[in-house]
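First chain written, first letter: the chains are A, B, C, D and E, and each begins at residue 1.
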Amino acid sequence: MNLTPEDLAAIALSMKIAVTATAISLPFGFATAWLMVFRPFRGKMLLEVFINLPLTLPPVVIGYFLLLLLGRNGWLGQALSSLGIELVFTWKAAVLASATVGFPLLVRSIRLGMESIDRQLLEASRSLGAPWFDTLVTVILPLSLRGMVAGSSLMFARSLGEFGATIIVAGNIPGLTQTIPLAIYDYASSPAGTSMALSLCLVSVALSVTVLSVHEVLGKKLEHGRRT
Amino acid sequence: MNLTPEDLAAIALSMKIAVTATAISLPFGFATAWLMVFRPFRGKMLLEVFINLPLTLPPVVIGYFLLLLLGRNGWLGQALSSLGIELVFTWKAAVLASATVGFPLLVRSIRLGMESIDRQLLEASRSLGAPWFDTLVTVILPLSLRGMVAGSSLMFARSLGEFGATIIVAGNIPGLTQTIPLAIYDYASSPAGTSMALSLCLVSVALSVTVLSVHEVLGKKLEHGRRT
Amino acid sequence: QINLSAAASLKDALNEITAAYQATHPGTTFRKNYAASSALAGQIEQGAPADVYISANVKWMKYLEEKKLVELSSVRTFAFNELVFAGATAQKVTGMNDLQKLGRIGIGSPKSVPAGDYAMQAIVKSGLEPKLTGKLVMAKDVRESLMYAELGEVDGSFVYRTDARLARKAKILFVVPGKLYPQIVYPAALTVSGARNADAKSFYDWLKGRESKTILKKYGFSVK
Amino acid sequence: MKLQLDIEKRQGDFSLKVKTELSGERVGIFGASGSGKSTLIHLISGLTRPDAGRIELDGDCLFDSTKGIDLSPEKRRIALVFQQATLFPHLGVKANLLYGYKRCKPAGRRIGPEAVIKALDLEHLVGRGVGKLSGGEKQRVALGRAVLANPRLLVMDEPLSALDDSLRYQIIPYLRSVSEEFGIPCLFISHSLTEMRLMTEQVMVIKKGSLDELTTPNKLARASMALSPHGYLNLLRLSNPSVREGLHHYPWGNQELILSEGRKEGASLFELSSRDIILFKNHPEAISARNLLECNVMELFDADGRKGVVLESDGKTLVAEIVRAAAEELGVTPGATVFAAIKASAFRRLG
Amino acid sequence: MKLQLDIEKRQGDFSLKVKTELSGERVGIFGASGSGKSTLIHLISGLTRPDAGRIELDGDCLFDSTKGIDLSPEKRRIALVFQQATLFPHLGVKANLLYGYKRCKPAGRRIGPEAVIKALDLEHLVGRGVGKLSGGEKQRVALGRAVLANPRLLVMDEPLSALDDSLRYQIIPYLRSVSEEFGIPCLFISHSLTEMRLMTEQVMVIKKGSLDELTTPNKLARASMALSPHGYLNLLRLSNPSVREGLHHYPWGNQELILSEGRKEGASLFELSSRDIILFKNHPEAISARNLLECNVMELFDADGRKGVVLESDGKTLVAEIVRAAAEELGVTPGATVFAAIKASAFRRLG
C-alpha cells in the first residue's frame, strides 16, 4: 500500500472536512433536537421534513440544490460573494455538503437521547431556580451527551463517505477539494486503479474505526461518570 | 407534473424496495442492538466497525463490494446461484443495497433507545420468572419501539435516496430496477429533463413526508400509550 | 429479449434506435441499462445479464476483451464523437488561446472521465497547461461539467458535441481541433452470452445499418 | 407565607378543585393516597398548569388564568423535594447540593452548605457520585439541595418516607429550625400525623381532590386521636435536667418530670402520647410510673368515642385520653383535680 | 426456607461479607441506611454476581463460585419488590399484575389474581395505565405483581415505606397470610421494628456490610426496647369480645381485657406497647385505666438501662417496661405479684 502525495492530501482533506462539518453542526443539531423534543410549536412537522430532506433525496440532487443556492446566481451565493466569501469549488463547500447530508442523522440521535431524560429532573432544576436556558445547559446538555456522541460519530462517518453532493458543489480538484471518496472514484474509473482504490478504502475504514473507538470509549466514560 | 408510466414504475419500485429493506432489516437491527447494549462479548468493537462500514465508505464502493460478493465469482453469489436464486440486476439486489447502507442508522437508533431502558425493569422481569428471551420480547422490545420507529424512518428515508450502491448491484433498468434516484439521474443527464427530475424529487419528498408523519404519530402514540 | 448495457451518454439516441428496431421486429423486448462505462464493465465481469455492451471509451472494452468476456470478433466502433468548448459567457471565445482570458473552466476529471482526458490532452498539446492549472474545475462526468457551464459557475466547459447540443444557455463556443486529441470512439461488442443470443446478434447486425446511423447523426454523433 | 389558591385541574378521571387561603410558616397537606396532594403542589410550583384559577403567594400573583399570568417555576422560587429523590445523575453529591445554591443571588443566600451538610450527615458522601448512594442517602441529598436553594417556599412531598426513624427524627427538627431561623416557609406533605405535628402549624386536609378541612395539626391530632395508633401526641420542650440514678429530672411548671432519656445541655423536644397518661382520682401508692402529677382538668373534648382530657398544672398543659366510661367513673369534669401517672420511659426524645 | 449464605462482594468503598444460615418462613433483614441490605438481596436473587462464595436455598445451590454455578434469576424464582416501585411502563395495571403469574407453570399457581386484587384494594385501578397512579398505588401494584408470580421466595425491599399507615397495616397481615397460607417464604427488609415483628420470625441484623447478629424479632425488639420510640410491642391475638358501653371486653386467660376498639367477628391482632403498661404493687382505686390485671413476674431482663418485665397470668404473657429505680422501689423480682394497669385505648388493632 503506497499512497501518492495526492492521496495523502485527500486523506487530510477528508479528515478536515469531516471534523469541521461535525463540529459546526453539533450546536445546531443540539438546538434543533431541543426544539423538537421540548418545545411544542406550530410547523414542527415542516421543520422535521426540511431537516430530513437530505436523507431522502439522492445526494446528487442535494448537491444540485446546494449549487443553486450557493452558486453565482444563488441568493446565498450572491450575498456571500458580496462579502468576499467564495464557497463553491472550495473545501468549505464540501463541509457544507457533508453537514447537510449528515445533519438529519445527528439530530435524530440527539433527539433519542433527549427523549429519555427524566422530566422530573427538569422540574427539579427549574424549581431550584434555573431559568430554562440554564436548565438546558446544565441538565439537558450533559444528559444528552451520549446522544451527541453517537450522533456525531454517525455524522463523522457519513462525512467520510460523502460523495454525491460533495463532488457537485466542491468539484473534484486534486489537492484542493478531492476527498477520499472522490479519489476512490477517480481510481476506480480505470481498470488499472482498482488496487489503489482499495488502499484508499482501507484508509477510510481505518479512520472510521479510530473515530468509532474514540466514541465508544467516550460513551463508556460518560456512563461510568454517571455511576461514579 | 405529469409522470410517465416509467416514472410511476420507478416510484412503486422505490416504495417496494424501501419497505422491504426496512422490514427485513428490523429484526436483525434489533438483535444487533441488543447484542451491543446488553451482552458484553469479545470482538464487539469489530462488529461495531463492520456494521458501520457502509456509513463510512462511499456508496459506490459498497456497491462494488456487494457486486463482488453476490456476483458470478462471489461466494454468496455462487451459493445462491446453485440454489437457483439470481440477485444481481434484480430488485432484490437493490433491497440488499438499501439494507446495507441503512443498517448502521437503524442499529444506532435502536441502541440509543435501548440504552435508556431502566435496568431495574429488566431485573424485575427476570425475578418474576421471565427467561432472558422472554424479557427481551416482553420488556426490551416494547420499550425499544420508539428507537425502532425512529431508526426505521431513518432507514426508509435513506433507502428512498439510495443511489450509488443500487446502480451498481441492481443496474438502472427502467421498469425493473430503476428507482426514483436512478430515474432522476437519467433525467438529469439531459437539460431538457430537469423539470421531470424535479417532479420526481417532489414525489420523493412527499413520500418521506408521509413516512415521517406516520412515524411521528406512531412515536406519539407510543409515548401516550405509556402514560395511559 | 435483449439485454443492452450502454454508456449513459448514449441514452437518448439508443432509446430511439431500439424503438425503431422494435417497430420492425415486433416481439423483441429490450432491457436497457444505462450507467457509467466502468460500472457496466464491472457488472458484466460479475455476471450481470448483458448481451450488447457499448462503452464510451476503449479502455473498458479492452479490459473486457482481456478477460474474455466479450466476443472478440464482434468488437467494433459504434460511433464517433467530438470535443467542443461550450459556455454561456459573454466573452468572445473562439479558440484554445482565448481560454486564458477566462475565469473558471469546467472539465471532466481526467482520471475518470474520458472527455476530461481528451480535453487535458488538447490543453497540454496546445501548451496552455501551466496557464490554466488552478482554473480547471474537475467534474464527475461530462454532464456535470456541462451543468456548471449552464449555471454559469464556470465560463465554459469541455464537453462532447452530443451533450452541448442539448444545452439551453450554454452555446458551443468552438470545436476543439481534432489534431489536439485522439479520436473519440464508442466501441461496441457482443458479450460472450450475447453471442449465443440470436435476437441480440440480429440487433447487433442491424445496428450497422443506415437507419441506426441516421438516428445517431440526429443526436450529434458522427459515423463512418 | 400567605398562599391563596383558587384552582381547578382535571387529570383523566381525577379532578382537583381547591379554593382556600393558607397562612403560616409551615403548612401541611394531609390526605389519603391518591387524594391529589402531589398534583396540588405541582400546580403551586408552576410545573403543571392549572386549567383555570389563580394562585397568589405573599401578595405576588403566580398564576392567573384570566389575566394570563403564569410565572415560570424558577421565578416562583419554590424548591421541591419529591417523593422519590431525583438527583442529577451527571453531577456528584456536592454539585447536586450546590445546584440551587449557585443559582441563588448571593444576597439571598442565608443558608450555607456547611451547616446543611453537617445537619443532614452528608460529610462522608460529599465526594461521591449519586449512583453510589443508598435510598436514604439519596433522599437526604435531595433535601439538602432544596434547602440550599434558599427558596421562598420549600415544598416537600413525603420527603421522609425513605428514611429510617432515627434519621427521620434527626432531620425533622433541623428542617423545622431551618424554616424557623431563616424564615423559609414550608409546605409539607405527609401521611404521618407525627411528622405533621412536628413540622407544621396549619394543615390543609384534602379528600378526593377537594378541600376537606383547614385546621391546625393540633386539632387534627385531637380529632384523629382515636384513630391514630399513638393517640394525641403531647410535644414538650424541656431543659436543664438534673440527673439522678440514671433518670433525668426536668422542671415542668412547679412540678418535675422524670424521664429515662434526656440530654444535659440545651433544650430537648419530647413527645408523649395521650395514651401514656393514666389518671387517678386519688393518689395511688407504690406505682411503677415515675411521674405522678397533680393536675386540674381544664377542658374535655370528644373524639370518636373517646374523651380527650386537657390537664393543667401551673400554666403547662397535657392532653390525656380516656374512654368515656372512665371519665364518668372518675368524675372527670372541668375543674376537677386528678393525678396523672406517666412512666419515665413514655417520653420520646425527638431532638 | 433454609438459606445458606457465604458471600463476598465489593462495591467501590463498600464491601459486604456475610456468612450465615437463615431458616424460617419469614426472615427479616434489619440494618441502618447504607448498611448493605439492598446489595445483599441483589446477590441472593441473582441480579448481582457475588465476587466469591456460595448461596444455597432449600438445599438447591443457587450460586457457587468454586463450582462455577450461577443460576439465572428466573430459575431462582425469587420475586422482588423494590424500594421504589418499578412497574413496566408499557403495560397497564392488569398486565403488570399478571406478568409473573403468566410465567408461572399452571401447576405452581397457588395464588390467583382475584384474591390479590381484592386484598390490595386494586379493583378500581385494574383498567388503568401505570403512569396514572399515585406513589402508593404504584407500590401496591408492584406488591401484587410479585405475589402473583407465585415465587419460591418473596423478597421485599422496604416495600411499605411509600404507603400510609392505614394501608400499611391493611397490607401487612395480608402479606403475612399469603406467606402462611400458601407457604411462600419471605425475606423482608425494613427499618421499622413494628413491621419486622409483624412480618418475620427471624431477623438478620447487618451493620456496615457484615452480619451483626442473627436473632428473633422478639429478641431484637426486647434489645432495642429502650431505643425504639414505642418500646417493646406486645402482639395479642384476641377474639370473641362482648361489647358493653362501647368497649370491647375480650377474654384473656382467666381475666378480661377491655379495649376501646375491636371487631365482633373473628380474631383480631392488637399491638400493645410495653410503655403502656403501668405496674402497681397494690391495687389502686379510681383509675382511668380500664384494665387492671393481676399478674406474676416471670422474668426480668435488661435493655440499655431499662428493665423489661415479663408478666404472666394463666399462661398468657405480656412485656412491660419500667425504669430500674421503679423496679427496685416496687420490689419487682421474679415470682412477685403486681397489678398491671393498661388503658383501653392503648391497644392498637392491626388487622
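As a convention for this text, contacts are C-beta pairs under 8 Å (C-beta built on N, C-alpha and C of every residue); 3 or more make two chains touch, one makes a residue touch a chain.
These numbers were taken from a predicted model, which means no experiment stands behind them.
*Asks:* Would you kindly say which chain has the C-alpha centre located farthest from the C-alpha centre of chain A?
*Replies:* It is E.
*Asks:* Any chance you could check whether A-D or B-C wins on number of contacting C-beta pairs?
*Replies:* A-D
*Asks:* Where the CA atoms of chain A average out and where those of chain C average out, how many Å apart are those spots?
*Replies:* Inter-chain centre distance comes to 36 Å.
*Asks:* Just give me the whole-number Å value for how far the CA centre of chain C lies from that of chain D.
*Replies:* Centre separation, chain C to chain D: 90 Å.
*Asks:* Where in chain A do residues touch two or more of the other chains?
*Replies:* Residues 64, 185, 188 of chain A each touch two or more of the other chains.
*Asks:* What are the residues of chain C that contact at least two other chains?
*Replies:* In chain C, the residues touching two or more other chains are 147.
*Asks:* Which residues belonging to chain E are in contact with no fewer than two other chains?
*Replies:* 132 - these are the residues of chain E that touch more than one other chain.
*Asks:* Okay, what are all the chain pairs that touch?
*Replies:* A-B, A-C, A-D, B-C, B-E, D-E
*Asks:* Which bits of chain D are touching chain A when the two form their complex?
*Replies:* For this pair, the touching residues of chain D are 42, 45-47, 72-74, 76-80, 82, 86, 88-91, 99-100, 103-104, 128-129, 131-132, 145-146, 149, 151, 155.
*Asks:* Which of the residues in chain E end up touching chain D in this complex?
*Replies:* Residue positions touching the partner: 11-12, 32-34, 38, 83-84, 132-137, 158, 161-167, 191-192, 226, 229-231, 245-247, 260, 271, 275-276, 278-282, 284-290, 305-306, 320-327, 329-330, 332, 338, 341, 343-346, 348.
*Asks:* What does chain A use to touch chain C in their complex?
*Replies:* Going through chain A, the ones touching chain C are 64, 67-68, 71-73, 88-89, 167-168, 171-174, 178, 185-191, 193.
*Asks:* Quick check on the complex: what are the chain A residues that touch chain B?
*Replies:* 45, 48-49, 52-53, 55-61, 64, 104-105, 108-109, 111-113, 115-116, 146-147, 150, 154, 157-158, 160-164, 180-181, 184-185, 188, 197, 201, 204-205, 207-209, 212-213, 216
*Asks:* Which bits of chain C are touching chain A when the two form their complex?
*Replies:* These residues of chain C touch chain A: 36, 38, 41, 59-60, 62-63, 104, 109, 111-113, 136-140, 144, 147, 151-153.
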